[in-house]
Amino acid sequence: MPEQPELRSLKEGETFNGFLLAQEVAFKTSAKGSEYLELKLADASGDLKAFLWDLRAIEGDMDQIAPDVFLRVKGQVSNYNGRTQLRLDKIRFAQDSEIGDFSRFFPTSRRPQEEMLKELDELVAGVGDPWIRRLLELMFVEDPLLRAAFAKAPAAKSMHHVYLGGLLEHTLSVAGMADRACAHYPELNRDLVLAGVLLHDVGKTAELTYQRSFSYSDAGNLIGHISMEADWINQAVARIPDFPEQLRLLVLHIVLSHHGKLEFGSPVLPKTPEALLVHYLDDLDGKLEAMFRAIRDDAGQGAWTPFSRTLDRMFYKPRWPKIP
Amino acid sequence: MPEQPELRSLKEGETFNGFLLAQEVAFKTSAKGSEYLELKLADASGDLKAFLWDLRAIEGDMDQIAPDVFLRVKGQVSNYNGRTQLRLDKIRFAQDSEIGDFSRFFPTSRRPQEEMLKELDELVAGVGDPWIRRLLELMFVEDPLLRAAFAKAPAAKSMHHVYLGGLLEHTLSVAGMADRACAHYPELNRDLVLAGVLLHDVGKTAELTYQRSFSYSDAGNLIGHISMEADWINQAVARIPDFPEQLRLLVLHIVLSHHGKLEFGSPVLPKTPEALLVHYLDDLDGKLEAMFRAIRDDAGQGAWTPFSRTLDRMFYKPRWPKIP
Amino acid sequence: MPEQPELRSLKEGETFNGFLLAQEVAFKTSAKGSEYLELKLADASGDLKAFLWDLRAIEGDMDQIAPDVFLRVKGQVSNYNGRTQLRLDKIRFAQDSEIGDFSRFFPTSRRPQEEMLKELDELVAGVGDPWIRRLLELMFVEDPLLRAAFAKAPAAKSMHHVYLGGLLEHTLSVAGMADRACAHYPELNRDLVLAGVLLHDVGKTAELTYQRSFSYSDAGNLIGHISMEADWINQAVARIPDFPEQLRLLVLHIVLSHHGKLEFGSPVLPKTPEALLVHYLDDLDGKLEAMFRAIRDDAGQGAWTPFSRTLDRMFYKPRWPKIP
Amino acid sequence: MPEQPELRSLKEGETFNGFLLAQEVAFKTSAKGSEYLELKLADASGDLKAFLWDLRAIEGDMDQIAPDVFLRVKGQVSNYNGRTQLRLDKIRFAQDSEIGDFSRFFPTSRRPQEEMLKELDELVAGVGDPWIRRLLELMFVEDPLLRAAFAKAPAAKSMHHVYLGGLLEHTLSVAGMADRACAHYPELNRDLVLAGVLLHDVGKTAELTYQRSFSYSDAGNLIGHISMEADWINQAVARIPDFPEQLRLLVLHIVLSHHGKLEFGSPVLPKTPEALLVHYLDDLDGKLEAMFRAIRDDAGQGAWTPFSRTLDRMFYKPRWPKIP
Amino acid sequence: MPEQPELRSLKEGETFNGFLLAQEVAFKTSAKGSEYLELKLADASGDLKAFLWDLRAIEGDMDQIAPDVFLRVKGQVSNYNGRTQLRLDKIRFAQDSEIGDFSRFFPTSRRPQEEMLKELDELVAGVGDPWIRRLLELMFVEDPLLRAAFAKAPAAKSMHHVYLGGLLEHTLSVAGMADRACAHYPELNRDLVLAGVLLHDVGKTAELTYQRSFSYSDAGNLIGHISMEADWINQAVARIPDFPEQLRLLVLHIVLSHHGKLEFGSPVLPKTPEALLVHYLDDLDGKLEAMFRAIRDDAGQGAWTPFSRTLDRMFYKPRWPKIP
Amino acid sequence: MPEQPELRSLKEGETFNGFLLAQEVAFKTSAKGSEYLELKLADASGDLKAFLWDLRAIEGDMDQIAPDVFLRVKGQVSNYNGRTQLRLDKIRFAQDSEIGDFSRFFPTSRRPQEEMLKELDELVAGVGDPWIRRLLELMFVEDPLLRAAFAKAPAAKSMHHVYLGGLLEHTLSVAGMADRACAHYPELNRDLVLAGVLLHDVGKTAELTYQRSFSYSDAGNLIGHISMEADWINQAVARIPDFPEQLRLLVLHIVLSHHGKLEFGSPVLPKTPEALLVHYLDDLDGKLEAMFRAIRDDAGQGAWTPFSRTLDRMFYKPRWPKIP
């Protein structure tokens, strides 16, 4: 794929010619009865609205112009009231094979994947309990498919860390806080906490689809990420001879209970200090990320972000300055 | 163990000499400062209060007189205000080995176990779908330990079918209703429904303990019966080459969703007609059993049973007579 | 009314000339400031959008072009992106008297009305208890107005069985399941159950309006169908000399409690086995119908139906094939 | 029945000889194994514990000594730690016919019944709307049984106005406030409000039993007071030729919706200003009465009443003095 | 500011030339790609849509055309389907200084401000308790800023009394009802009730912004009106030597608890009769006003108002006529 | 006060002679009709039941023997079934002045008060923001009464840290975790977080009474600790010239919102990252303490603690051993 400018950098009057991901596709009828095409097109830097006023300019099969496919488009950049738009002259469906690196078209974690995987490996290697370390190695180090998916998946469809790499970034952030918490509350078993943190959302690699748009897989809708990761943990444990049954239950318990309440999809409540901790730190990390992101992303003038459906409130944007 | 009369048949003035299960044990102090022992003793026919006014009559180690052990007792039957009591003369701890058939000391299903197992086998054999039938055979026919536990476990600790064999009796009753429902709603897949029904509570064999009193096992409290049976289904599926992945998800979905709501411990909501049906029929069967039992068991004079905490209401006892 | 093609069968390029029901009417202003008319028009086979770009083409009084009236329209069929539309040339208000059989303009049960009424009569005639049978005869056989309304009304405004005849179809389906349940649970009084099933929603004939669009009547909004049918049952009972008071209470209890919970509009909880059963089977039948219909109606490509607000979830569409 | 002192006035050392109502009856076994009888006995002034240490002192059939019967007792008054008790020497069952005026044995409204009935009649006579006045006359003036029951019933089993005459006292108090509210909010229809107030709880005359202890009748448990009064209103309306249907719905609507929320047993929400007002004033009056009574009745030293389960809180007892 | 007609009185074909408040401002793109401006403009009598099809007609800086500013506009009145619109020829930003009396642009209480302030003063002067009177004088009589704000603020952003002067109008209405209630329930302390009523919402003067549109201030969002008024009461009390601590707590308690439930933002439940009364009358007054207004404002034909999100229901509009 | 042994160390057969705190006092009647006294007596090491069988052994006024007073008692230690009891020979009321150090009679934090105060001072001194540091100094360093109460109060009546010094211990623990969290999430303002943590529960010094038993003060019940501390913060701020209004709101916001939900008594939701963090860490610390304490305190044999009403669950006691 040839070089092309990022959407975020486009200026009024420029011509854009390149590949974009179609996030929304709508054939509409104008007040005069003529049909036109309204699109939401995206690359990793952002998205914009695009309009094709004459459908005859579509090359190839019109039915291929659908959500979640790549398109090759050419058009003029205009800027109305602060929002950039594209008025298209040409458009055609593009094969995935024409696109080199998909990550150029999706929001992606600011942390480099390699750095995050290295941090993951160090966390696993630092586990003192041999049973727990072996379990984590089997899943995160020795299973290349799972490792790759764990590094790529987003943490959620819409709540927090909604970008490629978000799952691993979120997991590592919770692990960092958990490490500090175990130093603060010395009665906690750090290795057990760490196992719970690293495994608590690993099923999201299969619950979500994130090849193009972020959504739920069929298995995700039918059984959910908690049941998936419980299955995977049971499979890994079965491959470790003499793995202690009590430890299996303790690890599963953290994973199963980490949503904290039955009505949030956990079939059991946290009943050990380690499970309680993982629930709180996971919840806190997701909500803090959502809050910080909303504050950062809101370029509006007022003191308040738009209403967040995730947290059911607006956030106050002004930050009290730190004294260095 | 020698023959002994059932507690339910004791008459005032008789002497009872035999083995009983201690359900409650309390050492109390009388108003005069002397210590005595108050017990709740049971066999399968019922239970009664027993008093030992002189602790020196205990043979052997007093500390062994504890809940959930068998005791050898001798005493006089008295009858105060309609309730039978025992005034004990002698008491000693009894080894389990002195007791022959435990079932003489626990409430047990009115349906013979053999009859129920035969019905189970016929249900499994009648499944037309080869994948589903194979899965059910592996679990209920070819796993003798699970089969035995499935025939012995109660269905719950306190809600409904709270007696040995209650789990199988409840399961078969739901299966019977499910069979009729599939005839009524022809769009339902009967084999899939049947798999869901037979598997929906099988994890209770390990969630509950029922060797003596009915309670929750550690694993039951930590991960719950739904996660257990999901694990077992995954294990069984893994032993059937080429088992269709979609079918695995559909069966797991029924099992995971059968409590109907997240706040009742199901991590997902029923999203297929078969899952919806299994949830309703399971719930209905348990509640009807609880209601019928409360009406049958209440010998009181009024028109209403005692308040049922399970259903949060009293039940109306008078039955409108059927016209033959 | 002359013959006219069904909306569902229209092809692009054809001219449609006939009567249609106006479900939605909106006068809108185009971006150029000219006014146009956007309509949703329906017959029993479906509905489509229609546009009139020149309001001068309206014959007669423009104010009569309103929701829930019939219109005579002439226009060209077009097909944009898979959805059929009408571009109107002519339009006028039509008197009800111009329309012969209203049922051609509303969704209607697939079961013939006569067949359903015959099944209802057989159910009533099969009741062995003379008091119950007399009550049902008075309401469903000897009151021609109620009988006609019962055969015509939908079962709900938006939840399930939302079509003419839906109330009777739903009632008979629940009765069929109830019959099977009474065979399965022999302690149930079948005649009492049947009375409860047949009467549980009869008030919907007056709670809903269904002459044109489906909505709530004033009385429906002010007192609700449960209070209406309680009133009618009391009136019918008053016409049967010596009707047993206890039986009146038992029948009313099923009707009043059939929503199962206070927050769903039942002033009392089900406190008899018969009332519990009717609640469950009514709820199950409505939800299964909604689920099957959503699966059948969704022609989309994905594995999931659109989000159902009634059940607060999406449904999984693929059906595991039955083994014949 | 001969004169006898009130329980509240008994002094230590006196002998009591008279009739009392048995509220609780328990045959108990002492630590020494002898059986004794513990009673809670009451007249309208209060209640006390009584003990019979020798069951042979019971005259007649011991089984007749049961809750909710009258007893003839003789015993000595003692006073332990501030609470008066009776040590009985003699006890026998008493026929209802031996008791003259039952009201001497139950808590009763401080307002004389005649005064309250006169106020009720004036309220009815003051209604200007002829339809509404006729409806109220039929129920409260011309139906002597209902009028008598309305004057005698308590307002509730345990929440507020729990004494004979409490229903009428509560109803008149709400009517008084409603009168003031209609003067304050002139848009309200006072006659309609008054009809709603007077009828809103009239079904409690049959929902509750209050011949001896206060409890729910079978009909009360099965259909509830709201459905009963709706039935009675419909019956009365049927006896008034040409009663306007809209008015019938408006009156029924107030009655059906007066609990304010579905989860409190109202099948519909208040949707007219009059219905909204009646709900608020009814709720306020009951809660204020419960609060004032708790403050008055609590002779304890602290600043707080015992926890009220009705309002889920304690009340603050000190009253800020009024400036005359 | 020169005279100009009220929006409500405009007729089709007239030319409007004057100042209006911009409530909504949207720059849109027509189907043909040209940009236009869509506005919602308001004065105190109402609002209407306005369109500017040629952006070059904007005088001055286009960025000043924003929500909550005044605009000087000239345009033609048109009337489409019953709704009045403006087609603008000229438009420019207007300085606040060009506007004389802001109240001509906002909905305002029908009660004159002076009349309401006089009633407030009489209420304060009529308080017999010297401590309470002094507290109320300090806040409502001697603090001119607070007094002015109290007379100007609306009672809420969207629930009830949403117009300038609404806070005082609502407060006085509750005070009137409270006065009547204290006459009806003589155990209530009228002075304490009055203090609670007058102070219960005074914090809304700072919680809301109402210079132009009605919204929440930063402080309103961060700490809420209840905490603000608690602060002000504490400040005023601090200025009254020897103010009784118990009275301070009793007044604060009414204010803090007046939302009635924790989930509605009250940190404590009403635990005194006075607090309970203020909660009920406040809630009733707001809901009645919302209901009466919805009924008055709805000019539609049906019997029901639009769905009210505040009360989660529709209201029945027909009023049963009063008998004079 | 002379030396006396701790209750926890008493052995059967010993004589105890000393002062104890009366937690519960009940005059009871034995089955034989004689009155006796049953007490729950405590020192800081624990509590036990005590019985006085002959009330004539009470010296002085019997009415002074009441809950929450000190008693001088003499009696014999007995040991029934594992529980230590006292059979009293002598008992009298004791003046507070006879008791030297009250802390010998109440559960007390394991952390020395001086050490905790020093840690508090270091935290305050380490605040870089001069406004925040000044506010904290005014309250915690320069107000000796508040400082002393802050060091002495328990953190709650029954939920967590229920012992003298518990409030400060809990506050410091949350501060420690908050410090670590601010290092982990560098966008957080540490000084603001610290202010929120130190102030979030300071009102409990006046909400609770803890001179003898732990309970709520009148002010605590009427306005709650959150409103108290908001008042105190406002008072302190008023003493700091030019304190920034925005900072006042930000600090108050953390304090007001720290319960996290309205239904838990916070009048506003956390809307800044700092407020969100303080809520989570406060909640986590309290629940972890309750869980660890329940596990430590439960000497029973099973794997599960008693049911915790605070967390609505049992906790799993076995701890997976740490690898050193």
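Chains: A, B, C, D, E and F, in written order; residue numbering restarts at 1 for each.
Keep in mind that, in the parts below, a residue touches a chain if its C-beta (ideal position, glycine included) is under 8 Å from a C-beta of that chain, and two chains touch if they have at least 3 such contacts.
These figures come from a predicted structure and were not determined experimentally.
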If a chain touches chain B and chain E alike, it appears here: A, C, D, F
Given chain C and chain D, the chains that contact each of them: B, E
Relative to chain A, chain with the most remote C-alpha centre: D
Same-interface partner of A-E, chosen from the options B-D, B-C or C-D, over half of the pairs matching: B-D
Numbering shared by both copies at the chain D-chain B contact, with half separating same from different: different
Of all other chains, the one whose Cα centre sits farthest from chain C: F
Intercentroid distance (Cα basis), chain C paired with chain A, Å: 43
Approximate Å spacing (C-alpha centroids) for the pair chain C, chain F: 62
Residues of chain A whose C-beta touches two or more other chains: 31-32, 218, 221-222, 250, 253, 271, 314, 316
In contact (per the touch rule at the top): chain pairs: A-B, A-C, A-E, A-F, B-C, B-D, B-F, C-D, C-E, D-E, D-F, E-F
Residue numbers on chain C that touch chain B, as the complex places them: 128-130, 173, 176-177, 180-181, 183-185, 187, 189-192, 246-247, 250, 253, 269, 271-273, 276-277, 280, 283-284, 287-288, 291-292, 295, 311-316, 318-324
Chain E-facing residues of chain A, complex: 30-32, 34, 36, 51, 53, 80-81, 85, 87, 303-304, 314, 316
Interfacial residue positions of chain F with respect to chain D in the complex: 27, 29, 31-33, 35, 218, 221-222
Chain E-facing residues of chain F, complex: 218-219, 221-224, 226-227, 230-231, 234-235, 249-250, 252-253, 256, 262-268, 271
